[in-house]
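Scrolling down, you'll hit the structures one after another.
Below are two complexes that have chain A in common, paired first with chain B and then with chain C.
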Partner chain A sequence: MEQAIAYFTEILGSAHVRVSHADRLVYSYDGTPGYQALPDCIVVPGSTEDVSAIVTYCHNHYIPIVPRGSGTNLSAGTCPTQGGVVVLFTRMNQILEVDTQNLTMTVQPGVVTKDIHNAAEVNGLFYPPDPSSQAISTIGGNINENSGGLRGLKYGVTKDYVLGLQVVLPNGHVLATGGKLTKDVAGYDVTKLIVGSEGTLGIVTEATLKLVPRQEAKSTLLASFRSIEEAAKTVSLIIEQAIIPATLEFMDKGTIAAVEDFVNVGLPLEAAAVLLIEQDGKQEVVQEDMKKVESICRHSGAVNVTMAASETEAEELRRARRAALSALARLAPTTILEDATVPRANVADMVNAIEQIARKHDVRICTFGHAGDGNLHPTCVTDARNTAEMERVEAAFEEIFAAAIDLGGTITGEHGVGEMKAPYLAWKVGETGIEVMKAIKAAFDPRNIMNPGKLFAKEQRKRVTL
Partner chain B sequence: MEQAIAYFTEILGSAHVRVSHADRLVYSYDGTPGYQALPDCIVVPGSTEDVSAIVTYCHNHYIPIVPRGSGTNLSAGTCPTQGGVVVLFTRMNQILEVDTQNLTMTVQPGVVTKDIHNAAEVNGLFYPPDPSSQAISTIGGNINENSGGLRGLKYGVTKDYVLGLQVVLPNGHVLATGGKLTKDVAGYDVTKLIVGSEGTLGIVTEATLKLVPRQEAKSTLLASFRSIEEAAKTVSLIIEQAIIPATLEFMDKGTIAAVEDFVNVGLPLEAAAVLLIEQDGKQEVVQEDMKKVESICRHSGAVNVTMAASETEAEELRRARRAALSALARLAPTTILEDATVPRANVADMVNAIEQIARKHDVRICTFGHAGDGNLHPTCVTDARNTAEMERVEAAFEEIFAAAIDLGGTITGEHGVGEMKAPYLAWKVGETGIEVMKAIKAAFDPRNIMNPGKLFAKEQRKRVTL
Partner chain C sequence: MKNSTDIQQAFHERLDEGELMNCMRCGFCLPACPTYIHTGGNELHSPRGRIAMMKAVHDGEMAPTEEMKASLDLCLGCRACEPACPAGVTYGHLLEESRAIFAEHEEKSPVHKLVFGDLFPKPKRMKQAIGAVRLYQKSGLQKVTRTIGFLSLFPKGMKELEETLPEVIPKKERVHRAVYHAVGEKKATVAFFTGCLMDTLFHPTNKATIGLLQLAGCEVVVPAEQACCGALHGHAGEKAKGIEMAKHNITAFEASEADHIVLNAGGCGAFLQEYDTLLVKEEGDWPERAKRFAQKIQDFSSVLFTLGFIESIPLKLEEKTITFQDSCHLRNGQHVFKEPRALLQAIQGTHYVEMANADSCCGSAGVYNMLQPEMAGEILKEKMNKVNDTQADVIVTANPGCLLQMKAGCNQHSDTLTTEAMHLADLLWESVGQEQRQNVMN
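Take a look at the complex of A and B:
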């Protein structure tokens, strides 16, 4: 490794190669509790050429590489569990172009997601993907994880907005994919294969993103219900009425209590569930849709429906939902946030299954998430130092994944597989799926240097029978 | 091959294995002029198990397999150029489910695209992809080719509506991908890799499609212009005004004349270009958008703007555009339809380049296409028996592909690479792109039995310098 560090220092300068124990500690973990491993060094390239040189060296010397944005991911996807080189993009953080004619933005991987939202907005445009970590997450991380967010139902996820990429492949070669094109069928869709590949197939060094026109109006309401079934039924009824809201978020009783205690916005503590619903679009459409939504909520048993009268009030309500994770994190030393996802029609069954599983294993799980797209975040508040409890937590999450699969869902809707869920991947994709994915990985990265240990586990978990 | 035929007859019954010369002739070509090759036999499986048995046999005996829908493709993607077995899906043609809660439809590959539109519509829903061949093309073909159509700008293409697949891999194993899920990041996105892979990675035996609510209103107008630049400028202005029309189609002077001669709907023969523009959505939004569109057309020099007063009139205008290929096909014995695609802002430059190239090579090329998404269809009316002219045609198309690439475009927007454009693929994706795609192909299909000869050419064309 000393030779590698000398080489990186030669090409990047000593300011951009970090090897102190303190630096290595900083990058030894990400947003995922329970995973930590020291990298051998951290490098900060300034260009695609730098990245290519680093990767070529690592390829020649079989050194693991972990590309890392802000490390907000929740599946241990950026934890350097096999050591090696962590690559940061803090110097490659420029918005290179906003093209208002073709409605595209070209960015380097280190740009913070929120800055992309802002740059689109000042040009009268809109970049829809909005992971909750948007204030600190980077677009490079979003692309690697195929980040979702609150607008997934109506607008899709990061993948739907990546038109082209520049990627340094595991052999150091630079690949350009796609372009400012709505239609392009020239060969396999390598762009969409790279998005969501969790840094295991190459390093993204530039991306061309699709933008859409900014919506002229937005409206927000909060509805509370006496039961989870009523809330879930409301979600289905709204969509059956041909309304696709921009946001359709759910919080259960435990989450409501934690959030209210944290942000004090007057959430109804007696409710079993609340829905936060937003619509955007033309003024008249938003009004019409939200009137219908309000009426559907009332007819399906909402105890209370509050329509935000101003943007300030709307922001309060949104803040309540966004605070869910932070609020739950205050309850206990360790917060484990999951993202089992089911077809929308099965949300109530899934929430009930989660409650039942939590009771069975005597663990505390609160659930919130994106009801409109079936992407739930059962969140366990626990203490990683309590070994006995952690075993019960793990058993509970295994059953939750199994329940999601049984309901036609998946083990992860937007957080990725990483190291944490690798043992469960076969539950969703089957042994044949694992074989195909391993073959793809080997085709790109025969030396297994790009984020090794992620996606594919040494041992698969046996399927729990409920 | 005799043993293979005996085996297929044993598992499928003799009614579903065709070996006569007449049958083999029928499936020796597709919608692409100039390509023909006899398959050894044609099989008609009735189930995924049948397909798996056929593929397993072919895998074990290194026999080429060509999956084929209605054969409407325009890049020789379903021409059995290396012989082998053509697989038809006329028995696997069922709509298995329309799920109005999750807004999905599950289909077998042999369902005709138009039937999917209709099945969605009777449930108050909408399946947007609308390739011009929709009345006869099948969804299996659409998925293999990632078919586009007239609604690409606003609604995207087939890939954007495929949520899950059942695929028989080249080794005969059956893979299930995705599901009724808006969000799913469990491993590599094999679903989107299969869509558009032109039958080279496996055989799709079932697909789960995404549907959206049906739009309540629609409005159609036709605007004619004295120059291509005015028409192109209009396209840009509309989108800059934050209007994304459902359809934004373009026809040049030559196409207008051919269409008018064919369908007699009163197209303006003196115009240099016409735009067919449609918007759909809520009644009031459609009206507002179309009023703005009309005003933009007039301000940017439209000689005439006709707003369809009724659905009958709108259908006339749409019929005119849809008739473009048939109308041009009447002009000469051979029609070669291409689909070079550029970023939207470069449409005028591309149309002008096409005209200049046609003049230079003394060939007749008319251009129509999807101006909103930059997907143009320069169409050469010629005679395949005239060897000297065909050489000029080929030279002209080479220059057209080169011009598209120079304008940030691609060699194919929606027709696929197939055998026809394989020699040009490297122009778009580079040598590194070819290497990556060949590695993916080898990972799925190391024996190269699935639609061999497509995508990858034995010899790449040298890049023409204009």
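Take a look at the complex of A and C:
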């Protein structure tokens, strides 16, 4: 490693190579509880060429590489569990171009998601993917986790907006995929393959993103319900009516209380569940849709439906929903969030299953999530020091994944597999799926230096039977 | 690092494990942190990183290092990370405790010794020192030293601070009467905390504050026995001295039996408000007494606001554009930010412009600008750009440290800026008009 450090220092300068214990410690974790491991060193490249030189060296010397955005991911994807080199993109944080003719934006990987939103908006355009971590997360992280957000229901997720990439492959070669084209079927869709690859196939050093026209109008409402079933049923009814809201978010009672305690926007503390619903588009369409949504809510038992009177009010409600996870962290020392996703018609069944499982294992789970796309975040508030409880938590989550799969769902809807969920990947994709994925990994990265230990587990979990 | 094992042990015993665990490493605090931003996104200088280091030392996974200490030193203590943290981690307490532990095991720098050992704990010494400054100003020496560049021997921050020193008020004018009566109907009795900087360098501001409180219907008591609040010590890791001062002040103010204890210095206010945490482990009835004391702390702007000052006293000035720089401790510590803005917006004839990032630290942070001149300078430069964008004639602050820093900023940028820095109390005092001011004098 000494030699590697000397080499990196030579090409990057000593300011951009960090090796002290403190330096390594602060890059030993991400947003995932329970995972921490020291890297050997941290490098901060300033260009694709720098990245290529670093990767080539690591390739030649079999050194693990962990690309890192802001380390907000929740599946231990940026935790350097095999040691090696953490690559930061804080210097590669420029928006290179906003092309208003082709409606694209070209960015470096270290650009913070929110800056992309702002840059699009300044040009009268719109970049839809909006993970709740947008104020912190980077586009490199979003691309590699294929992040979703509050607008996923109508607008899709990050993969739907990545048109082209520049990627440094594990052998140091630079690959360019896609471009500003809206149509391109030349060969395998490597762009899509890289999206969601969790830093295991290469390092994204540039991305061309698709922008869409900015919506004319937007309207937001909050509906509160006496029971979770009523709220879940409402979700299904809205979709059945062929209304696709831009946002359709769900929070249960426990989450509401925790969030309100933090944001103080007057959420209904007595409700068993709330739905945050938004529509955007042409003024008339928005009005019509929201009227229908309101009436569906009322018919299916909403005790209260409030329309946000202003953009400030609407933004407060969105802020409240975005703060859900972290606000739950106020309740107990350890917060473990899951990402189980089911077909949206089964949201009610899934929410019920989560409640039952929590009761059975005597653990406290609050649930919120993107109900409109079936992506739920059952979140367990616990204390890692209580080993007996931690075992019950683990058992409960295993059953929750199993329940999701049984309902035709998946083990993660947006946070990725990382290291945390690697033992469960086979539950979703099957043995053949694992074989195909491993073959792809080997084709890109025969020496297994790119974010090793992620996606594929040494040992798989046996499927529990409910 | 020397004493590494002792420091480690102290971290283990004294840092609140629950609080350390509350940090869920979500990173929401990162974009709020000036040192993270100004180091180009270095996690070592982020709240999340600092907490991770504290936890690692607490858990025995890392030995305390010079680097860790340097990271804590670089922290402004502005606590912008606290309101940004959805998990409610009280970073400020963790920071203070960590700094205290390091400080207790450290050889102190001469500047540190001078400032904390001699100057602030002893109001008398402070007054003497300030007296010396006055002598120095009066004697013409100031002019001379400035010309011969004597000051370049001092650390950069010190030098800039010197340039901004207001003229010190002669001692006899500094002494307060013990009680100032309310003008008109008496609505509340308040005890006024004079503060050491405010009482000496910014004495007119104190007078203005008392006048405003009188106009708002307050009977203002000024306990004679009060000492420095101890904030500078607490923030710089001199916790024991802070505790000593807290006890002294609690005793002094209990005698006044006031409804509120009022300040015009955001930094002192936030610290006084935390006497309860500071004294929580003290013996006897100190914890309860500290709690009662802490609950009475209010910024003068909140008192004016709640007593309906805006409605009852007409405020007017000649045409001016005004902007406001939050005091970190007033905003992030005491959660006061609406009130000063409401008061400013009520001044007829003026135009209030909200400055971008008014809530981010100006880089003053107690004596930070003396100890970390480089980072402070970086931050100030950016702040002055934002001030420039507002085209304001006056930038108003509500804390002496910030005021000095903004004055330094205005001086440095006087080629591009015509802005003047003022304390909120002084501007309000100016805007109440001659007649009202006369009322108070009577």
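Just so we're on the same page, the second predicted complex is superposed on the first by the 466 of 466 C-alpha atoms of A that agree within 3 Å, B and C clash if a C-alpha of one lies under 4 Å from a C-alpha of the other, contacts with A are read in each partner's own complex, and residues count from 1 in each chain.
Basically, a contact is a pair of C-beta atoms (placed from the backbone, for glycine too) under 8 Å apart; a residue touches a chain by one contact, two chains touch by 3 or more.
These figures come from a predicted structure and were not determined experimentally.
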Partner chain(s) touched by A:Val265 [first = chain B, second = chain C, both, neither]: neither
Partner, of chain C and chain B, that touches more residues belonging to chain A: B
Touched partner set for A:Val303, first chain B, second chain C, both or neither: neither
Contacts of A:Ile11 with chain B and chain C, given as first, second, both or neither: neither
Partner chain(s) touched by A:Ala217 [first = chain B, second = chain C, both, neither]: neither
Touched partner set for A:Gly31, first chain B, second chain C, both or neither: second
Partner chain(s) touched by A:Ile95 [first = chain B, second = chain C, both, neither]: neither
Partner chain in contact with A:His21 - chain B first, chain C second, else both or neither: second
Common ground on chain A, meaning residues reached by chain C in one complex and by chain B in the other: none
Chain A contact footprint on chain C (complex, rising order): 18, 21-22, 24-28, 30-31, 40-44, 46, 48-49, 52-53, 56, 61-63, 65, 67-68, 71, 85-88
Residues of chain B that touch chain A when the two form their complex: 99-104, 124, 145-146, 148, 152-153, 156-157, 159-160, 169, 173-177, 179-190, 192-193, 195-197, 201, 212-214, 236, 239-240, 242-244, 281-282, 284-285, 288, 341-345, 370, 372-375, 408-417, 421, 425, 428-430, 432-437, 439-444, 455
List of chain A residues in touch with chain C within their complex: 18, 20-23, 25-33, 70-72, 88, 90-91, 93, 110, 112, 133, 135-136, 262, 323, 325-327, 329-330, 333-335, 383-385
